[in-house]
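I've put the structures underneath this note.
You will see subunit A twice below: alongside subunit B first, and alongside subunit C after that.
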Partner chain A sequence: MATIVFKCPQCGGPFEFAEGDCSSLCSFCGVTSLLVGDRGVHRLIIPERVDLKAARTSLRKLLASQEEGQAFAASFSFSGGSLLFLPFWRIRGMAMGWQWCEKETFKEEIDYDENGTRYTRRVKAPNERVFSLVAKPLSFSSPAGEYTPFGMIRVGLAGDVLQCEPMDYPVAAARGSVVDPLKGIAQARQEALAMTRDSIESEGVVRKESRIRISSEWLALLYYPVWNLHFTRGDRFYPVMVDAINGEVIKCRFPGEKQHGPFLPLAMLALLVLGWTTMPLAGVAATVLVFYLLKSRLGTWDASTIIKLLAGIPERGAGVQRG
Partner chain B sequence: MAELAIKAVPLICGKCSLRMTAHRQQVIYQCNGCGAVWELAQGRIAPRKVVHLSGNGNIGLPFWNAAFRITSQQGVIADTAGFMTLCGSVKPPDERAKLSPELYVPAFALPPQQAIRLGRNMTVRFPRFSESVNGDRSFEPVMLGEKDVPQLAELIALAALVEGRRNNQDFLASFGVELSGLRLVAIPFSREGNRLYQAEMNLEV
Partner chain C sequence: MTAKCPQCGFRAVLLTETSYHTCSQCRAVFRVYHGQSISEQFFRHEPDESLAWGALLGFLDAEGSCTPARRGEIAFAYHPFWLADRTDGSTLFKAAVALPDSFQAPPAPPAGDLEFSQKNASLSHSVIDPQQAFPETIELKRLRLLQVPLYLISYEVAGEKYQATVSGCAWQIHANRLPQEGGMHIPWPRLTFLAVYLTALLVAGVLAPNIIWRLGALLVILLAAWALERSGFGRG
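Then we have the complex of A and B:
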């Protein structure tokens, strides 16, 4: 449950509303206040905690933690980024209504086989019709748009960690881009109710009918901050999404470092041939040089690695992918 | 400074300017000083009428009360006699048979299942209360808003019906409850230990 930090309309002191609450008491002046949303919708924003520099550092750390290391991370150059506020619908309340279903039932019958041995068998009994009242607490969040390109599906709110503020569009727009919600309230409600219906046990149900609605609804449009960073390497462009709350890289896709190319083995082979065909001393020197190159390039005497290198098999490191 | 998308409204009595207190989920507020009742309407505090009903007891429990009629595949049932039949009652209709049946939806803090049971018990007792002459008495905090009443009312009406009807898919699909004359009433209950008792209806909460 998130908390909403507000200014007391009476004394101007900070006070908090818990998500879903109608009222809260100011600890400074003792006045109880009610929170009123625009047309019933509480538009809230979670302020970003990670700045652009920290978001970039977060990605570089991720790249540096790969096998290829620091050099790989340094091979990408930062080419810009912007802060996005992605809207999510939050619905809290009670899902109330009824459900009727027709269930298959089975019963056990005792019978005897031709040898007189007793056994039980499971036979189908008449279907059972069950009516039940539904009253379940509802806490639902859903993206108010298509955010799979951003690597986000839904947002969870933990009160101790996340604090929301009332949405101030001009202030938010000065910090970043505020994304408009594409999904309406009605669709978010339908999704919430569908989730409730799915959570009701449906084992052995042949037919069912239900009428469930949201009662004591608390509705919020919550803007969540993410950094949309751009990195380049050569002539390629790589977008990266970083969570602006905890700095975690939400989505990225980088190719692994190219480790071996065909040039080096060919060059070493040519050196050996040239050395040994010229004179033995030059051959020995060429061999020493080749061994030195192998050691410096591979750092190991592992046979399979050397064979791969000598065979000229181009090999890529594992790509960095997330989201 | 730009206007925020949400605002906080201080809960101060519009009649005597006293600070009012409220539970977190409360939706209707009573001033402890002058007894005036307020609610949030269109972003500001507006007066709300509460009808205090007469009876024995020192605790006022708030209920939403309305006349209702039931629509189903069998047509429209708008009188008490018809509703009694749907409930499976064999009691012969009295002088109230032609009147509209009345629903009572608990508005105070109560788990949903208990609220449905209590509402059903009150509804099938067909109580008739008169208005108390002693108004502005205090009552328990109201947690159920007016807009949420129809949903709970439908469940209470369904709970009052005989099981055979509730298990009929066609009946349920066509079932609906229409409320008219919705009002907030405070019914006196007396406290007996951990229970609340309503003498006129012989009803315990």
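Then we have the complex of A and C:
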């Protein structure tokens, strides 16, 4: 946490503001000073490019493109949506330090068998110890909270290619809900360093020690926009997350259903009764016809599928799932 | 004793030894524990039981579980959780009040717009001590108390009782066990409709004097049943 030293506007005495504080009491004269704005961490926001209507359309298109088709998409009704700004830690800089590792090595030995045929065999050699200096550019982003329900893991390089604006909290809060960061910068730094350590050569390494730090660090809290849409079907409620930059559906879970029309099962029952109440031969013919219709319609002789068709129970399909 | 307000940083002289204090500058309520001020924040949420129930039904549907037969009790409340930042950078999240048996607590803090608790906010303030919540010897850098809106839902499937916790932040479902896809459930109205339809067909088929009458009667019954079904009758 950064500490900034100010002079009291009343008595000129020095007093401290810790990062994130917006008021402090002068220990000399007791006057309260207020601070507006943030210091230390850059807070940036990526403005949304997709509006609510386009986000809704994006989901409708995804549903309609599925096996179940237009009727499936139309069975869900839109009941509202809100914009969320999710904070991500963005770290750039140089990962500098050293790494010492012990590697397993092998050598090839040439030998001859009893017939005089030459062959090579791979034998373990003494472990090799390598000391290396690390200097790698670092570009890392990490969610500043638990975003699994939103289907977000990281923003990648979005902050580099998309236009960011300085965060103006009242303006952003008027457009949507600004999510508070719950994960500290210390954890994000550790993740960034762990990623750097993992990216350094690790083949055949049996033991390693390293000390890597971030130098020339540029740190920012980047707010990324996503649409949180609500869809309903009957009394069921399905939350959907849509990327407010490219309109891609990032998280949704819709169950698939195959509903057969009501006429066929009723007609098949009527046909069976007509056949068996007329004469046995007609009954047999009606039964054969019904079985043929079932096979052609369902593609299976599975008893539970046939009962579901007759009882009008929809069959579970693949559904739509993202994130 | 003096303590710093976790919201605005105002250092106030505390005149009482009570656990809760209100900042005179920003009106935020905060706890003081062993001389350290702990912020208490909550996720603003408008309670809606039908939406929570709908989210659970939608989740069960997508999971492939059976349709819950009967909705039981739904209890909405803000549940306090300790969020601790450790000196090594990691965070710990633990319930500050034990949830009723069989209800699963969220394993990680939900994401949402946090607000500092105000004096008149109706939140649950009686919590277990941080030392009790984190009995293992760990070095804590910062402690926060988060009030998470949770719906505790009981429901019944095929006579068996189940419990689920629905988080009001992102409608996430937490449950120890879910009903599995078991036998087929044909609703009673549907069974009755099919039985009546089949009986009508059989009676008409047996009583009709010849094939022409039989065909006509069965066709009329079929069309009537089809029209009824299209209107939603007998679907349960």
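Note that the second predicted complex is superposed on the first by the 212 of 323 C-alpha atoms of A that agree within 3 Å, B and C clash if a C-alpha of one lies under 4 Å from a C-alpha of the other, contacts with A are read in each partner's own complex, and residues count from 1 in each chain.
The rule we apply is simple: a residue touches a chain if its C-beta (ideal position, glycine included) is under 8 Å from a C-beta of that chain, and two chains touch if they have at least 3 such contacts.
Just so you know, these numbers come straight off a predicted model, no measurement behind them.
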Exercise for review: Could you tell me if A:L25 is touching subunit B, subunit C, both of them or neither one (first, second, both, neither)?
Suggested key: both
Exercise for review: Kindly classify A:T278 by the partners it touches after superposition: subunit B alone (first), subunit C alone (second), both, or neither?
Suggested key: second
Check your understanding: Which of the two partners, first being subunit B and second being subunit C, lies in contact with A:C164: first, second, both, or neither?
Key -> neither
Practice item. Name the contact category of A:P149: first (subunit B only), second (subunit C only), both, or neither. Key: second
Check your understanding: Is A:F131 touching the first partner subunit B, the second partner subunit C, both, or neither of them?
Key -> first
**Study point:** Partner touching more residues of subunit A, whether subunit B or subunit C
**Key:** C
Point to revise | subunit B versus subunit C as contact partner of A:L269, first or second or both or neither | key: second
Check your understanding: With the two structures laid over each other on chain A, which partner does A:S215 touch: subunit B (first), subunit C (second), both, or neither?
Key -> first
Review point. For A:I91, is the partner it touches subunit B (first), subunit C (second), both, or none of the two (neither)?
Key: neither
Point to revise | subunit B/subunit C common contact set on subunit A | key: 18, 21-25, 32
Review point. Across the complex, what residues on subunit A touch subunit B?
Key: 6-10, 18, 21-25, 30-38, 41-44, 94, 96-98, 100, 102, 129-131, 133, 135, 166-171, 207, 209, 211, 213, 215-216
Exercise for review: Mind listing the subunit C positions that touch subunit A in their complex?
Suggested key: 5, 8-11, 25-26, 41, 50-51, 53-55, 57-59, 61-62, 64, 83, 85, 88-91, 108-114, 142, 169-172, 184, 186, 190-191, 194, 197-198, 201-202, 205-206, 208, 211, 214-215, 218-219, 221-222, 225-226, 229-230, 235
Check your understanding: In their shared complex, at which residues does subunit A touch subunit C?
Key -> 17-18, 20-25, 32, 86, 145-150, 177-180, 182-184, 186-187, 189-190, 228, 232-233, 235-239, 253-255, 262-263, 266-267, 269-270, 273-274, 276-278, 304, 307-308, 310-313, 316, 319, 321
Check your understanding: What does subunit B use to touch subunit A in their complex?
Key -> 2, 4-12, 19-27, 40, 43, 45, 111-113, 116, 143-145, 148, 151-152, 154-155, 158-159, 163, 166-167, 169, 172-173
